[in-house]
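Multiple structures follow.
The following pair of complexes shares a single chain, subunit A, combined with subunit B in the former and subunit C in the latter.
For the complex of A and B:
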């Protein structure tokens, strides 16, 4: 190894997925020395985003330890020329049904899509953030948000009588929607207002009356219409028939609390894909001194019996660390075979069946995709199973203009993701439906899940090695954050988890007197003006009290007038 | 701690802010002093423009500096003949005020300076200003300064009114809690869709459009019944406009005459003539006196000193009016004892066409269904009551008063407002009923109306010989005027 790494760290983190990056940033932030390694040549592990070419390549090679059962299919011709020839000569054999769709599909070929490969950011684990959710709160409170950019989700949709309709989220949505009559509008608003204030009064009658009942029963009691009930159940509370009243209410409140913050809906999507999120944490870690090494294999980890210090063998070199945190798939085999106790080492559970689809047309009506479409969220149901569909347009920075990217995620029922997803795919990409988007490309894979079971055997309190969890089936990052915080709390019991990082202007350069204010900190024109006028001002009798008043005028007059005008 | 970050403590930060503030104050005072000195010397040059802009960019609300700037601009453009060069000076001002408005989008001075600049510049690009307004209203759709300015530039740019209405609709769709936008609408609609029917009082716009607007406003009301902006717009739509000028009441015998109007007017000598049925002038009444001694009043009286105006009391007498603002020119008078009179009870209900009436009925039904869900909703109760009055004040008299009674309880802060409104409606009904009573028009007995807390239409009472009021009304604050009437006996 050519680079000159220190031979001792407080913490070594293996894997740059979301929970690992979270722990690495938090440790670095409180002054711990951190070495962050990833065996892959890219950041993010199963949380990464890929351009189209690398994504296809990854699937081509059959995935890896964490991504399995990969398959992909091109629904367009190799090149445009061939496509034209084909449609002219053997039109009957193609899957293209309508002229309009034909035209759209014909705009693309495998070649033209791959030419734009770098415009794609295909997420392995796509997520949608609640505007007031745990991740957004963490990004804001830790000041990590300065590294990220977001797009407010444009529409939350639901399926009603085989149509995809917009779920009115905000007050103006309710006002504008043609899907509800005025009485329904009132009922919906009233119901949502009720949910907002629910729980403020501890002796709430509903709380007692519906304890142990389902949220659906509660909705029925509110005498709302079928349409409203579907909107609330499927898209707002995102619950099933057997979801408890308390849970449904909590989710509705989470939805409502996130409203009115950034956009028309309560959700955000990270620009350029969710792969950005772990990298934001890595960046903070690096700012506070964390060292990054990608494409490095860990050969082995040894634990000194008396001190519990880990010796990590990194491509022949031994580095010592107080603790090691690793993504589930990255612990070296040699180490695993010795069967040492690892906190959080988990069984294969909670795998996710994933589908990624490209189309030249968006899903749903023009109204849902005005101005070229944005980010739409749709929760799909099939029997007792559910799936989350995220539609992305080029405005999200995840695909080129003219292409729409669809992510469908559901919990894995088998090792055949295409089969798991089939009941949902058929609802939105039904080839017999003229209005359904025509696919250009589709891919299926399984994200292998490993979750920590609550009681992990063979682990004593002084354990050195910790294992994180893979992505959960959830819209936001809540469970992953909880799990990362849990590990951090085990490592550094009394330390604060990601306190606010200072902005550059708050940072004092070493040797600088923090109280000193030089003219240099003034804006250019003001400084110039000050210098120029200093001489003429010397002759004037300026008393400090007067000056203070004048100062108030300049600063506060504008504010006062603002308020007056309001 | 080598290589570790040190972050300022809040104490240090406060200290730093204070220092910065002191420096800024020093700079501000120095610049102001220099500006004043230069102005005294009438040095309205480029340096002056720079100095004023440095301050205005930080605080765009110093009117003096804007005035000085205008002096500078005038001075500067004075000796320049080239149009482009002169335009360049004004363009600089436009850009400058735009920057200032970004600092404070509600700066009266900033907006005014733009108007001034555009008015004085050789060529003004009004379309650009309309676009600027759209941009600003995207950032804050409720800034009434921008809406005001928009109306001004739209007029100049001759933008189509339909475009403006569409723009307005977009803004209301985005957020209907927007008085400015509703107001903008209320100015555009009567011009775009003028009313051409002959219902009185005149409708605000043609009935088809009115119907659409009512539907839209009801949707807003159902979405959020507590938002007052939509309800206010609805009240405007339903035409609670000022009552038009008309004659309320007239009575005359050989000794005295009294004449009253819906609104105050200035009555002059040539205005009123009494004729008989053949058109012979019996009396030209000239010496009118206002009941309050005011120049303009609703109620006027005069002494006729036994002029024998009414020689044959059973004859048909007519009242001729020569008042420009009143459509009615001739009124047939009725006889009561030894006097003649005319009486038109106050505004009972609006004469709507079938079309609008049906729409009002629908609106009322919707409000009633809204009340099922929100029995205590203030705006819904009030609107229902007003709708009932509009549809049929007689038919819904009791019910509308019941709603006002409820409003007194749910909106206790405005309890007296509702009481006054109830008094008004009660009196309206009472005056109507009075016309068919035996005592009419000699005696008006209001003693049994326990909910009558105020007298809203004193001008209608003037034809009575006696007005009997309850103890409560004797303490009515406007007693002076009321007593004037009671004392007035023919």
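For the complex of A and C:
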């Protein structure tokens, strides 16, 4: 089949993970010819989502180059019949409450879970998006958002005195929550309002006073209670004791800026899992002419000494390209052995220890799981280590109804992910705690990380081969986007990164609209004019909505004030 | 806001060269694009039709060439209301691939998606697959069946109007405007402004939420 391929491209991208797909889409969007290949038969690489069956199979075979140290365990019987027989033998010695919990567990067996395999979308690298974060902005500005749907995260939680409590996100949340008393509510509101306006006044005394101090010290100075301090530190600013004042403030503002856009919390989760995100970028690349081939092995890459042009040997066929961008794990061994300079090539550091857990019951109170289960976010601490826990229910399209999916991610301390995660897992899935979710299935693995260190040799920028980054330990995609943009900027210095793709509505049905179809082929000055026109048109729209929303605001404000009075 | 009662997403699949793009363009634009070559930058086509007195917006998605090496993204199949599987009646291999396509559809598409098998290019006089064979295959796999010619505009209107009519019936029998209940809560980022206004837009702490809201919409025009 490789024979049908053209033998020359501007860019060959190897691997369909998030950063590779970003670069591929951006290059295709500005009119470059792109061949995008993946040695796997699925999209996404270490950014992919799997159904339950394929996920188990992947772990069974011991993972791959980028996913290692895999282990999995079923905590339920093979089939329901076996489970019933087992339960008979222990009947009579348990109280009513654990009976009920057991009943939930007994609804499932390995067989019944696997029967629903298709309903699972298990992420290797799960992420949560800030509603006003870098990825959401990029999806909107590039129009790639049309390929994805999202679920608003229902609750942001934190652990306080061994309980999981809801961190109030919106103004009405603060007034409605039962977890805070009236004094705490006022303190929290006052503090957050302070953060919101922070930075507007350049001569702000706090800014000067707390420069060089930690965010924790700042919080202490504000005389908030311990509960509020925990809410702010763990869930809102997501910082540690040594996070600087400026950083903590910036994160608090990021949280607050993302509020009130889509759901009740500032966060979004992609419907059907994060594996959808790279695919959306691939679709855009394809729409602009990018060619896609999954399940293709790369034998070798050669670089012509005088022209710097790369010859990629793809299952026996040689294809030439100006540049090659590859996921770190996909560069062929034959090539690596020749020690050619690769931009972005890095050491094996900053891996992620991952855990995936299935349960028949959700984490936390009923309030946190109203309507059949929440999509909830919980940051966990253990000593100096932290982990991110994401609870997903069937509302996110990643598991069947009646099953809850938990992702826990922490930075790897060892090559034993189960050991790295144990201090966090014991906080939420303690088998001695009656209220803790009873596990149906658990799996552990390591996502191998590569980052440049001081030991990494500097590579000449005129190189032909570029290596993308692996998933970072971060909630959102910010660092990954930055590194993808960096590669794009090295490839095409002055080109725009993912300008807005035209809407289908802009394509006039009667006769062709030359603008929509050939925006790329227009001379630069005409494109510029077109853009200016669009800009002014859009600004007009914005003013309208602005006014409409301002009206809404006053009404809502009045309502919340009433609530306050109550 | 545009005036329509329902919006349906229809996706096309099938081997390269069976005439998927031609079917879409014949229906939406009333033309038969001469020559081959992918339409760069065109993602999906939209046509508003009136069926049973209701205005229906059809969003028709093409494969963007990803079918060429069997590399269609799963996300392409998500939230589709109807799926048109196309083969070329004058090309046996395109018919032989149908079971492969069905496997992929079963894997990724909603199990309740409306499926239509279409034998295209009835204008060709070198037919290799008799109508009856196509009909039987469709019956076996619980699909509707139609033969079309994008070139002669035969049965193309009928294909899409029948899909629209069937989808309206489905939607009405479920007693609501949301055909796909599971994704009713799903959020699209495109309708940023409208969503934010309808929902508790100003529940944020900031008094200038509306302003920050718009920054995002604005960012698309930043160059």
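Operating definition for what follows: the second predicted complex is superposed on the first by the 490 of 566 C-alpha atoms of A that agree within 3 Å, B and C clash if a C-alpha of one lies under 4 Å from a C-alpha of the other, contacts with A are read in each partner's own complex, and residues count from 1 in each chain.
Here, contacts are C-beta pairs under 8 Å (C-beta built on N, C-alpha and C of every residue); 3 or more make two chains touch, one makes a residue touch a chain.
Worth saying up front: this structure is predicted, and the values here are computed from it rather than measured.
Residue contacts after overlaying the shared chain place A:213 against neither subunit B nor subunit C. When both complexes are overlaid on chain A, the residue A:176 reaches subunit B alone and has no touch with subunit C.
In the superposed pair of complexes, A:504 makes contact with subunit C only, with no contact to subunit B.
Put simply, more of the residues of subunit A are touched by C, taking subunit B and subunit C as the two choices. In the overlay built on the shared chain, the residue A:190 is in contact with subunit B alone; subunit C does not reach it. Once the two complexes are laid over each other on the shared chain, residue contacts for A:289 go to subunit B and to subunit C alike. By the touch criterion defined above, A:146 lies against subunit C but remains apart from subunit B after alignment on the C-alpha atoms of chain A.
When the two complexes are overlaid on their common chain A, residue A:132 makes contact with subunit C while staying clear of subunit B. The interface of subunit A with subunit B overlaps its interface with subunit C at residues 171-172, 189, 288-289, 502, 507, 510, 517, 519, 534, 542, 546, 548, 550, 553, 557. Contact residues on subunit A toward subunit C in their complex (touch as defined above): 1, 4, 43, 118, 132, 136-137, 139-143, 145-152, 170-173, 189, 192-193, 196, 256-257, 259-264, 268, 271-272, 275-276, 279-280, 282-283, 286-289, 291-294, 394-395, 397, 496, 499-502, 504-505, 507, 509-510, 516-520, 531, 534-535, 538-539, 541-542, 545-546, 548-550, 552-553, 556-557. Chain contact summary for the complex, subunit A toward subunit B: residues 31, 171-172, 174-176, 182-183, 185-187, 189-190, 288-289, 502, 506-508, 510, 514-515, 517, 519, 521-522, 525-526, 529-530, 533-534, 536-537, 540, 542, 546-548, 550-551, 553-555, 557-558, 561-562, 565-566.
Residue ranges of subunit B in contact with subunit A, taken from their complex: 3-9, 12-13, 15-16, 19-34, 51, 54-55, 58-62, 103-104, 106-108, 144-145, 173-176, 218-220, 222-225, 366, 369-370, 373-374. Residues 28-29, 38-47, 59, 64-66, 68-71, 73-76, 78-79, 107, 182-183, 185-190, 192-193, 195-197, 199-207, 209-223 of subunit C are the ones that touch subunit A when the two sit in their complex.
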